Every structure is written in C-alpha cells, then in structure tokens.
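Have a look at this one before I ask anything.
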C-alpha cells in the first residue's frame, strides 16, 4: 500500500512538473521522475508477501515473487532512457534555433501561429 | 503560489488518491501470484533450463519484446545521430595525469565486471542490459576525461553485427522449430554455465548491442551537433 | 514494525520529498542530481521488493546514464530556469 | 501447406536484420546502396504482406502466430487479422512510395539514418497492426513513436524542432499512462494476452480499476490517434515536417494508434456501455474542432493537417461505437484517409510560387480532393454512409446531425482550396510525381470494389474478429 502511494506520488510530481513548468529540460526531468515512479509501481504490483527473488538456488525451495513485472520493467527502463536521450537531443536542437529552452518564449518567437501562417511553400 | 500551481497540485493529489485507491482495492499489495506467474514459477526451469526466471522471461518467453526494445535503443541512437550529427573534433585536451592513470586502472576492471555480469546473466542477477549499461559507463568515463577519441564507426559495426545476429537467430528458429526465436539448441543441465540453449548467446548479443548503442547515444549527446 | 521496514518507509518519504524539491528548485543542476538520487532510492526499493535484476538495471541506467544525458543537455542549454 | 511461408515474423525478422545492418550497407556502397536495399525491402514487404492478407482471408477469426514456440498466454503471439494485415500492406506500400520520393531530397543527411528511420516507423506500425499481446503492443507503440520523433526532428529547422518537442513531451507522458494502465490490467487480470484478457474480463465485469485502465489507455493512444485535447501537437508537425514523412504518419502511426484503440476498447474491454457516450462525444468534438479550425486556415498544409485530424475524429467515433456497421465504416474511412490525404500531402510539398499545383499531377489532385470529401465513387463515401447508418440505428441523432453539418463545412473549404490550387502550369520532378500517381492508381482500383460480389464478404471478414458476441 505504501509502495503504491510512494510510486504514484512520484508520477504525480512528474505530472505536476509537466503541467506547470516552462523550461523544457525541467519538463524532461519531470518525465524521468515519473518514469521511475511507473517502474516502482509495476514492481510493487508483482510483489508477493514473503516471496524471494525469482532465481532458483540449489537446494532452496521458497515461494517467489512474480517475475513477469520484473521483465516488463527491465524493458520499460531501457525504453525510458532511449526516449529521454532522443528528447534531450531535440531540446538541444531547439536551443540552437531559438537561443532559449523556455517554452513561453519559444511560442512567442514562433508568432504568427495558426492564423498568420500564409506562406504556402 | 499562483492559481495554476494550486490547481495543478489539487489535480495531482486527486490523481494519486484515486489511482492508489483503485490499486489497493483491486490489486492488493503483496497479493498471490497471478495465473501467468504461477505457470512461470512452476515450469520455467523445465522449459528453458535456466534458474534465473527473469532472464528466461526476458530472453525466451518474451524475447520478442526484447528484440523490440533493442530496436527502441537503436532508434534513440539513430534519432540522436540524425538530430545531433557527429563532427570531427580535432582538439584533444589532455586530462590531469592522476585522472588519466586512474581511468587506465579502473577501465579494464569495469569491462571485466560487465563481461562477468553478461556471461552469468542466466544464472545470477544481471544480464545483457545491466552489463551493457556498465560497459557504456566505462566508455563514458573515457569520454569525460577527454583524453581519447572514440571511433564511433566501430561501435556502429558492433551494434550492427550483434543486432543482426539476434534477428537471424530468431529467423533461424522459424526454420528449425516453426516459431520465431525457437530455442533450437540443447538446453544442458540446470545451473551449468553452458546451459539454456540460445539464451546465453542471445543475452551476450544484447549486451554488445546495448553497450555500443548507449555509448553512441552518450557521446553524441556530449559532442554531437554543430554549435552556432 | 521491524527496523528494515521502518528504514524503507523513511526512504520512501525521502524519495517523495526529493521529488518535490526537484520540482520546486530553480536550479536545473540540482533538480537533475535529485532525479538521479530518486533513481538510486528506487533501485534500493527494488532490492527490498526482491527484484535484483531490475535494481541493477535501474542503478546502472536510471541513476548513471540518464543522469549523464541530462547533465550533458544542461551543460549545452543553460543551468538556470527562468521565472 | 504452402501458405505457411507467409509468416509475418519472417517479414519482421528480415526487416530488422536489414535495418540493423545499415552501417555496413553505408560503408560498402554509400547512401546509394542504403537506398537501394531499403527500396527492395519495402517492395518485398508489400508483396509479402499481400500474401499474409491472403492467408488471413482463410481464417474468419484471424490466425495466431506463436513466438518462441510457447502457447498463449505464456508466450507472445501475433494475432493476424484481415483488417490488420491490409493496413500493414498499405503501410509498406506508402513507405515504398515515400522512399522513392525521398531520393530527391538532398538535405536529409545522414541519408542512411533517414532511410533506417523510415523503415522502422513502417515496421513499428505494422507490428502494432499484427501483435496480439498488450505489452508487445506497448513496445511497438514506442518503436513507432521514437521513429516518428526522429523523422519529425530530422530536418533540424526552426519549425520542425518546435513542432517535435511538443510532440515528444505529449507522447512521453502518454507512454507513462500506458504503463500504469498495463499495471492495472495485469494486476487485475493476471494476463497480457489480448484474447485471454478479454475472456478473463468477461467473468469479472468492469470494475473501477478497469474503468481507470480504459481511461489511461485512451490517454496513451489518444496522443497518436489525434483525439481532441491530446492532438494539439499535430498541426505544427503537419505544417513543417517533410511530406513523405507525413504520408507515413497518416498511414502508419496514426492509423496504428487508432487500431490499438480498436483492439483495447472493442476486443479486450468489449465496449463498456457506461463510457460509450463519452467516447463518442470525444470523437465528434475532435471532428468539429478540426473542421472549424481547418476552415479558417490560410496555409494549405495546415488546412490539410486539420482535415486529417477531423478524419481521425470520425474514425475514433466509428471505432468507439463498436457495432458491425460502424466498424465497417471505420475500416473504409481509414483506407480512404490514407488514399486521399497522403496524395494531397505529396502534392502540397510541390506547390509553385503562386500557390498552384504542378501540371503533372492534375488527376491525383482531383482524386485526392474528391476522396477527401468522401464523394460517391470513393470508398470514403461508403464509410460515411455506414457511419451515419450506425449512428441512426443506435439512436445518436445529435451526433448524426453534427457530423453531417460539419461535413458540409469540409466540402466548402476543400472546394476553396481546390479552386486555388487547380490550373497551375509549373513542372514537377518526375520521380516526385510518381508517388502521388501510383497512390491514385490504387484508389482508382478501389472504385471497383463495390462491383465485386465478394466485397461485402470481405467487409464482413474484416470486422468479424473484433465483434463482441453480446454487442450488436
């Protein structure tokens, strides 16, 4: 129970950062915090009271925890670092074009937006 | 604190409360094993011949996910290369001798640890991903010390060959046993180093691929892309 | 409550507090370091939850490489969050 | 049986091997060889997927391909349906056209990386069409999404970088929600196989946790399926990203996300009645919002982008309704969208200085516009008729009227753009005009589909695996 709350709090704080912060690097840090929370949540779902790690040891026969979420989280961790790297590369590209990584400034610089965009090529 | 922040915090607290409630109501913490988990706990050792069940699931039962996962890493590499292309940096700044010597001593030890983790991936905790990350962090140490230039082409070749090996082992399974990634090699004895059929081979290939991909990603993040 | 489970609760509380500090600080560098620490604490919790494989992966990838990627990005885009 | 050779895993394995070897192709023969290998691969895959679709015709419920030799639900399986394999065929076909088109683009450097990304977005979305496992679906979603990020940011221009970062942030938050949804589903049902999950869920019924799980799946796939509040990234991407990539977004990632929603909502969750109206309204509001915005645009690509969002809204509504007729409508609308909007985007990249279309693509232009507004000979017409019939049958009259009303708005602005674009005299690169012309040819062939007596049967076969026994 406490594990669920802790994991979901991490996701919640990550969401809070995404919702309120304007700095793109900060937003991505928030997403990476939320990712940690998601991983913790998945592992908590697979926990069994009194279980041991899902690795057979010679001569020992104890109940084990669920190995499936562990396999899923292994995948999710790697996917998380991959998306983080790609997103950071895009942020570096944004910095190169706009000179800043503050979202509201960038939107102001992209002025014109929907209505004023008349160039057809 | 402005209104927006208060609203956001309220939303977050509501989110946590609702989701935590439905989790603890319907998926109680520490609940008994699910149908899938029971099957794995009972049958993995017999069906795959290795004692580490997480490895068995990652490489064998859900090996296709893992193939997808190394593809995701490849995509991160491709995207980072596409967005921040590598440019030859001629200048090499010599690091402080203490750092240099320290790295020379530590580097082979880290590589050795990585090799141990990946080779015993089917017996003890660890495996291709963990070893890949450990090896990549060794190269990261090299990069940070600024004392060498990594030849990224070699990493690309390693990654290409390892990845292709993984995919082709999978395709070979179709012809050998009628299913992609079918374990067509003898499984050997439980707890032996040489056991589990294709599992250790695939995990070593994954380790090679992950380590070279992560190294490429990190070095492009560090130096790639023309500065303006 | 045993000593271990008490320690685990302390770790979890610490983790959430670190997340909130990371959210509120203006200095991106410290936010990044805190996110790395969170990954480290999460990997300790994984050990408690009997997931050694995942703990290793989280410590190596989540705490080390992600942090390195974030730090490189911060180095190239600026350290301080405006406003 | 000889048809056994059409194993989709063979296609996926070979494609992955070819993509992984990209650095070697580049070293051996430069970017020319990389291009050639990709073209051959796409052509092979298109033909192969036609074979798979033919094989799927023989199995009314779709056929299951085991991976690793383990029985479901313990191993991952592909659940190949006629619907999925037809869409996957189209993805590879559009990818083939796109890579022909991309050979004229000299600013896409490094080119081998560009081709690899094009391959992987096609591969990821065809995996999403074929897989029968919930977590595997997530992995393929991520493959598609990362390939889309890479392609969208590839040009390194001001506009693309801005569009891409919005897309990346929304999609990453969505993927976190997807994982939470999977955690709920796995914890409650104890399985990850779709067919097994559907069977288990029928015994349990929709509890609170399952409702939450559906909503999180909606958020997770809504970003790429372009559902109203989650589609705000799309107009900028459609505006700035190269047209051959947009053609793949239209046929690949957005269709695949809609198809994933079909799998989860209709197949696994069995169209939960208490959420049905909400979903329908989300789709209708997406349509209304998109058509209103499209009407006032002054840039052709932006207008097309919003039009495409409108189509996505219609497809979402049709899928969410989940009846026999509405699923048929969804299938036809999906095909029509690929055939018309992709053609228009190929043309939109080649407008001349005065904003008219080149002379060589007159026929594709006419076909594209007529298809986009669902005129009678085009399959989109039947799709819309089926959707109207389905809505009327289930008593959703307000939605019926609103969709009809805003369809007229669509015709109005599309006509305006057609008048503006038609009658140009500029010349177009022959290689570039090949892609829209070939796609138009396919949509011309589709005209004769209603004439074939088996067509009705094929439509029945397409929706059969997804129909719930209880829902009508």
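We call the chains A, B, C and D, going by the order they appear; numbering starts again at 1 in every chain.
The definition used in the following text is that a contact is a pair of C-beta atoms (placed from the backbone, for glycine too) under 8 Å apart; a residue touches a chain by one contact, two chains touch by 3 or more.
Because the structure is predicted, anything quoted here is derived from the model rather than measured.
S.K.: In terms of C-beta pairs in contact, which of A-D and B-D ranks higher?
M.R.: B-D
S.K.: Could you please state the distance in Å, as a whole number, between where the Cα atoms of chain A are centred and where those of chain D are centred?
M.R.: Each chain's C-alpha centroid was found; their separation is 25 Å.
S.K.: In angstrom, rounded to a whole number, how far apart do the mean CA points of chain B and chain D lie?
M.R.: 30
S.K.: Cα centroid separation between chain A and chain B, in whole Å?
M.R.: Inter-chain centre distance comes to 17 Å.
S.K.: Measuring from the mean C-alpha position of chain B to the mean C-alpha position of chain C, what distance in angstrom results?
M.R.: 19
S.K.: Touching two or more other chains, which residues of chain A qualify?
M.R.: Each of 3, 9, 11, 13-16, 24, 28, 35, 41, 44-47, 53-55, 64, 68, 70, 74-75, 77-79, 81-83, 85-86, 88-93, 96 in chain A touches at least two other chains.
S.K.: What residues in chain C touch two or more of the other chains?
M.R.: Only 51-54, 57, 61, 65, 69, 72-73 qualify.
S.K.: Please list all residues of chain B that touch 2 or more other chains.
M.R.: In chain B, residues 19, 23, 27, 31, 34, 36-37, 40, 52, 54, 61-62, 65, 69, 72, 75-76, 79, 83, 125, 129, 214, 217-218, 221 touch at least two other chains, as defined above.
S.K.: Among all the chains shown, which pairs meet the touch rule set out at the top?
M.R.: Touching chain pairs, listed by label, come out as A-B, A-C, A-D, B-C, B-D.
S.K.: Mind pulling up the chain B residues that touch chain A in the complex?
M.R.: 4-5, 8-9, 11-13, 15-16, 19-20, 23-24, 27-34, 36-37, 40-41, 44-45, 51-54, 56-58, 61-62, 65-66, 69, 72-73, 75-76, 79-80, 83-84, 124-125, 129, 190-191, 210, 214, 217-218, 220-221, 224-225, 227-228
S.K.: For the complex, which residues does chain C have touching chain B?
M.R.: 51-57, 60-61, 64-65, 68-69, 72-73
S.K.: Residues of chain B touching chain C in their complex?
M.R.: 52, 54-55, 117, 125-127, 129-130, 133-134, 136-137, 140, 214, 217-218, 221-222
S.K.: With touch defined as at the start, can you tell me which chain B residues reach chain D in the complex?
M.R.: Going by the criterion above, the answer is residues 18-19, 22-23, 25-27, 31, 34-37, 39-40, 47, 60-65, 67-69, 71-72, 74-76, 78-79, 81-83, 85, 153, 156-157, 159-160, 163-164, 167-168, 170-171, 173-174, 177-183.
S.K.: Inside the complex, what are the residues of chain C that reach chain A?
M.R.: 9, 12, 15-16, 19-20, 22-23, 28, 31-32, 35, 38-39, 42, 45-46, 49-54, 57-58, 61-62, 65-66, 69-70, 72-74, 76-78, 81-83
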